[in-house]
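Letters are used for the chains, namely A, B, C, D and E, taken in the order the chains are written, and counting of residues starts over at 1 for each.
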């Protein structure tokens, strides 16, 4: 189709979808309504299980299987990226030239690195208490490592980043989640049952298996993001095609 | 007051989303996307969803734009290298 | 009616909205600078919201913005340097504005806060914001084609 | 025993994690053997539950069993249809892993396990989607299966078309998935539930459907029909299936696309079939429209392909259309027939792709014209390919023929004619390829028009071009065809499929007669096989003349490979879906 | 107006994202537009879960049952959705990089290779 024809088909489609969505919007419960039966039950159960952060309770206890699927998507996507951005047969690696970084930027980034790392770990560790959790903290912690790229250059980052280890870490995090879930089966009850002692509300060890699953996710996400960014950085900085530079 | 904040955040998000689509050059779009991530963070906070706000912040304002930028850089480097290689090939004979 | 929330709303309408416009139009260097200011403003709004809703845990979001925001700008300066070469330099106005806005928001917040962990957190966030903004503005001003066209 | 149900999903996931963790240290055969073992174990578990557990198998994960009729957890709800589908998926995965055993493209450096790991993740996604009884959880597994499938499609990164096909696949399917999620959001807002059964009950309690229910139905169906590649949501499929690695094609065409139909059935039955849902007549004519469109377009496009894998891909579009028609009849007999048709089709289509893969790896081409007469030496492959073509056309006693016959019986004369024609044309196209490529019949055609997709210039997927066909690659299509044959002749299987369909479809109270052979069914099957053979003979005999114009050109030109076009058509399809569903509510 | 504004904004974001996706001249931009489409789902989900004058159900600093709380379930769903969005974006960008490498262009108009 040429651009004009495409635009007509598109406008027809957009008009239909718009009519559908707007009609539905006016039939939805009004914004801010009091009708949240599932939500109310979830809050009730979260408190009964001594998990202060009800969202973490839903994520890692009541609907932990969703999170399992979500982490598998992350795992699959990272594996897919590793496969898709591999060094092809007609490509080779070049060593990037060292970068010149202004002194204040370097100092700032190097100071920030440990701060960001600690913040990331803090967000993971407090997942069942305050906003945050394995995913959010994992991403922040992984970002911390990449400050080295900003402070120095890619080669410096590569030196402290044993990629193989991170790939294994990604898989171990995923496996840890799966196996923690299987503990319920060994106890003779359903998969992903929260069978550990619940602790007291609002303490670090509260919530039974919630902190364990949370930690597994934190590990997987941090490793996965490092691997993911490594593949993109490799492509952007190091990998070239044969004959590209003669 | 809460409703005013939510309405403001919603309008900001709508504007940022429109900008992210209207800016058609990918590197510039990455900037618009990162602002979309930030406005979404604001919206989620006023909708009382701090957990989602944190994830959106980590993903939308840092990770996604960075990946977009790296892809742009890779694609650019390719075409740049190709132009250089062609120029050299032309100079040689 | 809650003064903190009113301030947050004002900052959103008068601060974040124009930043959106500047980040979507004009030369690239101005867009990056606008994005940088945007992270700072969002961080301040988040601090005001945490106070206004009386929910200290919300401060964590602001902390993460303060950490990641300037980092983002540094990445843009690094990766987009070659393209920004010919764009006009931004004056120091943005940095001055950033420092003043941070001070204007953080001072009342600190005064309203009783001494303790949350006060330290606020101060850390403030320091990160000011430091980050100054450094990233410098990096942005220094981003030139020949420097940024490194392969690392 | 019910608690073992999640293991059908968890086992392959754990296998994938193990393969990635250990992939750096173990040799390739060990990684592949582990993957095969785990896929087989999953299949065995699914079959065991199917045969020995009282149906339906219900497991509330995390032991969140409902109190006062409500729960906060996720439920796996596996009736026999679901478990049977999971078993079918797992068996096909096993076949694919055996097919790619050692011969498939060398793995990336230090990542020996990545291909089998991706296949296992794919399996977990499909099994999860089939077994779950929770709407959002279904979306999660839908996405898992999508994400892995995009990566697998683009697996051969050196092939330009493969990465482009993977991208198109990814963009269109993601858009469909987001539409689906909007639908989930709407239903949650209305009912405050996520378990499918509870949503259905809550809708029914509220009374007649309104715009919101309609919108939710249309959005959910958009996602599922994109996956099922119903016209006009189908454009991504030929682009992706023609270029994906052959083992992946076997899974994509054999089961993944059909899961879109399965999902449509599941969501209609559980959520929308009550008084608060969408009236049955509306669903019937909506699905019927999409089914007929897909069957017709798929068959026509299939006939005019010369790229063999692309030809098979279009035949999948056509057959998915037939499955949609079978579902649209909303008759339990037709449901049983469709299920049987689907099982037979999975075996036949996977076998045909496997044969096409042998051609590609042996001769470095997948083009009907370029391969003319070159594959005379591959007698066994030729036999499999021809048998596959006949089975596709509906020759008794293949399972496809029985399924088709039973569905036709419920469908009435006009639709029966369509069934016969579509299966004859798609089967005929395959037989035509077989006659030209393996038999060398007819004159070698001159170079085709430029506008076509030719299958030349494709690379073999094995490490080197094969000089002989390895036993595993040949055994797999053979076994798959035998499976399709058994599906047609095992009465035990027929009664099992019949009762599974009765159980799954709503409103069936008395046990119906299971799918069985009847005289008109056999005759119609023979007729369509004969028509297919006739079409193939005509096509081979007819002198080739390159016409500059063809009446089908406008339709063919729509398949442009342009992402923008495909997105526009997807939205237009949603509009059509909405319009059709609306006519029933007014 | 406030009763439906959030839902209408979600619809707008979805539509504008689709428009950008279909008219895009650059595949990287197209993937960005897909991310915009997905933002619509977050907005819809969280709007559905909001409760007037509610606050987050995080009881680290809050005594239970003293203030109305918003729905935690949609937040968990949105969280999953955010992760899914990020990973899909990453994977699609990886495919875009390979397309750029193999086809030497990112313009969909120049990529119409698969025809008929």
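The definition used in the following text is that contacts are C-beta pairs under 8 Å (C-beta built on N, C-alpha and C of every residue); 3 or more make two chains touch, one makes a residue touch a chain.
Here the structure is a predicted model, which is why all the values come from computation and not from measurement.
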item: Joint neighbours of chain D and chain A, given as chain labels; value: E
item: Chains touching both chain B and chain D; value: A, E
item: Furthest chain, CA centroid comparison against chain D; value: C
item: Pair exhibiting more inter-chain C-beta contacts, A-B or B-C; value: B-C
item: Centre-of-Cα separation between chain E and chain B, whole angstrom; value: 12
item: Between chain E and chain D, distance of the C-alpha-averaged centres to the nearest whole Å; value: 28
item: Euclidean distance of C-alpha centroids - chain C vs chain D, Å; value: 50
item: Computed distance of Cα centres, chain C from chain A, in Å; value: 24
item: Residue list for chain B, restricted to those that touch at least two other chains; value: 2-3, 22, 30, 48-51, 53-55, 57-59, 62-63, 66-67, 70-71, 73-74, 78, 82
item: Residue list for chain E, restricted to those that touch at least two other chains; value: 2, 5-6, 10, 14, 18-19, 22-24, 31, 40, 47-50, 52, 54-56, 58, 60, 69-70, 73-75, 77, 79-80, 83-84, 87-88, 90-91, 93, 95-98, 101
item: Chain A, residues touching no fewer than two other chains; value: 6, 10, 13-14, 17, 21, 24, 26, 28-29, 32, 36, 38-39, 42, 53, 55, 58, 63, 66, 69-70, 73, 76-77, 80-81, 84-85, 88, 123, 130-132, 135-136, 140, 143, 228, 232, 235, 241
item: Chain pairs that touch, as defined at the top of this document; value: A-B, A-C, A-D, A-E, B-C, B-E, C-E, D-E
item: Touching residues on chain A, where the partner in the complex is chain B; value: 32, 53, 55-56, 123, 131-133, 135-136, 139-140, 143, 225, 228-229, 232-233, 235-236, 240-241, 243-246
item: Chain E residues within the chain D interface of the complex; value: 10, 14, 18, 21-24, 27, 30-31, 34, 37-38, 40-41, 44-45, 48, 73-74, 77, 80-81, 84, 87-88, 91-92, 95-96, 98-99, 102-103, 108-109, 111-116
item: Residues on chain B engaged by chain C in the complex (per definition of touch); value: 1-2, 4-5, 8-9, 12, 15-16, 19, 22-23, 27-28, 30-32, 34-35, 38-39, 41-42, 45-46, 48, 50, 53-54, 57-58, 61-62, 65-66, 69-70, 73
item: Of chain A, residues touching chain C in the complex; value: 94, 96-100, 102, 104-105, 108-109, 112, 115-116, 119, 123, 130-132, 136, 140, 143, 147, 149-150, 153-155, 237
item: Residues of chain B defined as touching chain E within the complex; value: 2-3, 6-7, 10-11, 13-14, 17-18, 20-22, 24-26, 29-30, 33, 36, 40, 43-44, 47-52, 55-56, 59-60, 63-64, 67-68, 71-72, 74-75, 78-79, 82
